[in-house]
Amino acid sequence: MNMSSAHKSNLGWSAVGAVCAIVLALLWAAPLLWALSTALRPELETVSADFHWLPQAWTLDAFRKTLAAGNLLRWLFNSALVALSVTVVTMAISLMAAYAFSQLRFRGKGILFALAMLAFLLPFEALLVPLFRTMNQLGMINSYAGIVLPQVVSPVVIYVFKQFFDEIPADFREAAVMDGAGPLRVLWSVYLPISGNIVWAMAIVTFIAAWNNFLWPFIIVTSTDMMTIPLGLTQTYDAFGVRYAQLMAAALLGAFPVALAYILFQKKVTQGFLAASGLK
Amino acid sequence: MQRAESSIAAATGSPRREGLPALLLLAPFLAAFILFFLVPAFETFWLSLTESSLTRTNGFVGLANYATLVQDPSFWDALGNTFYFALLTVIPLTAIGLLMAMLVNHFVRAQGWLQGVFFLPFVLPISVMTLIADWMLQPSSGVINHILGGQRPWLADPSWALPAVAIGTVWWTVGFNMLLFLAGLRNIPAEQYEAAALDGASGWTLFRHITWPALRPVTTTALILQLIASLKVFGQTYILTSGGPFNTTRVTLHYMYETAFTQSDAGYAAAIAMAFVAVVILLSLLQVWLVRYLARRDA
Amino acid sequence: MASVRLRGIEKRYGDNLVIKGIDLDIEDGQFVVFVGPSGCGKSTLLRMIAGLEDISSGTLELDGKVCNGVEPAKRGIAMVFQSYALYPHMTVAENMGFALKLAKVPQAEIGERVRRAADALQIGHLLERKPKALSGGQRQRVAIGRAIVRKPEVFLFDEPLSNLDAALRAQTRVELAHLHRELGSTMIYVTHDQVEAMTLGQKIVVFNGGRIEQVGTPLELYERPANLFVAGFLGSPRMNVIPVTLAGEEGDAAVVRLPDGSTAAVAAGAGRLAPGAALRLGLRPEHLRLASTGFGATVGLVEYLGDVTLVHVQVPGVDGMLAVKVYSGGPAPASGSRVALAFDPARAYLFDESGAALSSTTAHAAAL
């Protein structure tokens, strides 16, 4: 096969590929776009027999009503509080633990680390019942602490940080030790700044995961005003009845913070998820 | 590594002296780990051997729960539904994910946009997906029926409920697979393609002889990760169909939830959980073994 | 007083004894070089002195005080790492001031000391830059500056020049020597490069396989190597070694039989060795000359280096080539031609089977 026909064949593939890409992109963007289109039209239009892709009458009514219905803002606040708390606490305890596992020498380190990584194997879902019982005994049902605390145990994050710390040349730590820094100081002044990127990546990923967590809040929250967004959005049928414009508005509002986080930090999110899945 | 380890030990005098800072650093994680993982883990095991309600433990019953489990048609149905769901999702997720990754990898200039469109659904909360899916699948005003014609109530149809949820799940989570494959594709050295191009290969040949073999480890990882994630499905079926119609979408975890929280039978639910864990562990080990086997075979 | 005393220092990794008993005295203000091939343990020893490695047994005294378990920062020691180990997220000024900050020295004094050290090293204009914006040579100065600022009793250098190119290395060598003269501090310098060792060291410690082979001034080590290893390690090209047997004695010189059967005198004492004993004759390339009579050799490769020509010859009965330095002005023979080699008995060395040098006789000593 001579080069020009190979070239032509590549062009052919490129064209097919381009069509594929466009079709797939449209397919994937369609649900959200359709949700947006629905949310921007009057309620009556959504159920009318006369079908239109775009709103005949553009209106922000649905958004206004959704926000006014009261609970959405409360749920957004709850989600923000919970997600932020989970992120901050997880980062703090994971960084400290990862540093200890990576750089310090102590008895039982191997066993402890293996134990912590065991949590990979055991899915969270299997622990729901006893966790509920424990929370009950601690009086933390339907409380922020109750929602946040079980989520801060993240072997994945520790594993990612430990791998990263392992790769940092020992020279930096030794120089810091020669300069008189103790282990905590070395972590704070040397390892943390060097790890900036990966810490941000895991922080954002943890934030998104915490925001989107459905299962645990579903178990632990018992009153509407303590719900997080994923939970709250399932309540919208009761709140709005079958009012699709409002439902879509609620969905989009609930999606907005994490979508924004992704759009702003696309690279970090990608990096974080890849690291968490064990690939680099 | 040896040097690194002993140097810090020496720096603080002895391994024992490093135990204290290590303890301080590990304490918060250990506390949370013990309270919210270790203890519940043991408790699940122990609960499965008892007859208990959500709030009280009534008595030790040995393997009675497991005996019931093995003969419980609802459990096996639920397990069947779960595997059916996995079957419906794993292959599309892998195939589409790979296709997307190849497209993103190829169209470099549009990469940000393309990747963004494919991945964005993955960062959305589950209930956003369910709300939109429910809306789109509405029998009379839903857009799906508008395109396909008819008034079929997808989510209320026993044959279509689970597949519908599966399709929604594919839309929701394929972005993650795309990422995995993208990383895998990027790890293939360009020289391999260049050498093959010089040999006159192109298009399908390139894919079959270079891309696909190089992607085998990633594909295996992606397949197994997806499989395990599919087994853990709960939210979508609970929210969209409440496990119906006629329990056709009641998956294992849903059954466990019902047993624990609706029937307040914590002991039996724990047994279900243990069985579930066993299946997950088995499949995880399968992945490790498969990856190693393939690596050895290719070596 | 910043003296360093090592007694019976040993280092074990599991069952592996890597440092096999080191006794060494370093006086205040000395520039001591640890030199040896890779893996000989010189870096490990340095790190034990620094406190970065455990000492398995033996005592380390700094200034007369035992400090085996003392934290590195409290030993009055500063180290310059081979990779410089500059904190990438800190500016040069912050890098240099970090140790002082940890020691809670007042900010004003930190600024003062950093500035003075930076000026001395001519990096004062780089204080606000980050390490990645610096060249290799500049980074190295920052690493040295970081050590100077702490005013340590002992400076430790771990192969600091190995990441620099040849020209920079030569220049920095001179500057380091100058630095030592200025500060007058005790300096321990690790390198595998014998040129650095010879030019910088007041005292050289040659290591091999976890043991000290010899300690001495450059002159002592070069002219009176205690064994074959030291003789072969210092000097470039390496000392030529010819297997010989002891033929007898002539006065206070030993007579050896060369592989081609001829005999030659060497100004070394045969001691208690019997005739026929297998020995090795050591001749530095500069002490071999092309003569009209001597033992025969065939010229192999001729390397013209400008000021000196290296003639590599093949001697029957000897594995490998011998190197002969011919200084400019001398005739350079053609490859393949037969030549005769001669040497001054006072400049030859004899080593017994274990590699130890046979003591030189008074004639030998007088020739030096």
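Order as written gives the chain letters A, B and C; numbering starts at 1 within each chain.
Convention: a residue touches a chain if its C-beta (ideal position, glycine included) is under 8 Å from a C-beta of that chain, and two chains touch if they have at least 3 such contacts.
Source: prediction; values computed, not measured.
Colleague: What chain pair shows the greatest number of contacts?
Modeller: A-B
Colleague: From the C-alpha centres, identify the chain that is farthest from subunit A.
Modeller: The chain farthest from subunit A, judged by C-alpha centres, is C.
Colleague: With chain centres defined as C-alpha means, what is the inter-centre distance between subunit A and subunit B in Å?
Modeller: About 15 Å, centre to centre.
Colleague: How many angstrom lie between the centres of subunit A and subunit C, each centre taken as the mean Cα position?
Modeller: Their C-alpha centroids are separated by 58 Å.
Colleague: Please tell me the distance, in whole Å, between the geometric centres of subunit B and subunit C computed from their C-alpha atoms.
Modeller: Whole-Å distance between the two chain centres: 60.
Colleague: For subunit A, give me the residues that contact two or more of the other chains.
Modeller: 174, 177 - these are the residues of subunit A that touch more than one other chain.
Colleague: Identify all positions of subunit B at which a residue touches two or more other chains, and write them in rising order.
Modeller: 3, 6-7, 9, 11-12
Colleague: What residues in subunit C touch two or more of the other chains?
Modeller: 51-52, 71-72
Colleague: Where on subunit A is subunit C touching in the complex?
Modeller: Touch residues, subunit A against subunit C: 169, 171-172, 174-181, 185, 189-190, 193-194, 196.
Colleague: Taking the complex as given, what residues does subunit B use to touch subunit A?
Modeller: 3-9, 11-12, 15, 18-19, 21-26, 28-30, 32-33, 35-41, 43-44, 47, 54-55, 96, 99-100, 102-103, 106-107, 110, 112-121, 123-128, 130-133, 135-136, 138, 140-141, 143, 146, 171, 176, 179-180, 183-184, 197, 200, 202-203, 218, 221, 225, 228, 232, 234-235, 239, 253, 256-257, 260-261, 266, 269-270, 273-274, 276-277, 280-281, 284
Colleague: Using the touch rule from the top, collect the residues of subunit C that touch subunit A in their complex.
Modeller: Touching subunit A from subunit C are residues 50-52, 71-74, 77-79, 81, 83, 85-90, 98-99, 102-103, 146, 150.
Colleague: For a test of understanding, state which residues of subunit A touch subunit B in their complex under the given definition.
Modeller: Going by the criterion above, the answer is residues 1, 6, 9-10, 12-14, 17-18, 20-21, 24-25, 28-29, 31-32, 34-35, 38, 46-48, 51, 92-94, 96-97, 99-101, 103-107, 109, 112, 115-116, 119, 121-123, 125-134, 136, 149-150, 152-153, 158, 170, 173-174, 177, 182-184, 187, 208, 211-212, 214-215, 218-219, 229-234, 236, 244, 247-248, 250-252, 254-255, 258-259, 261-263, 266, 269-270, 273-274, 277-280.
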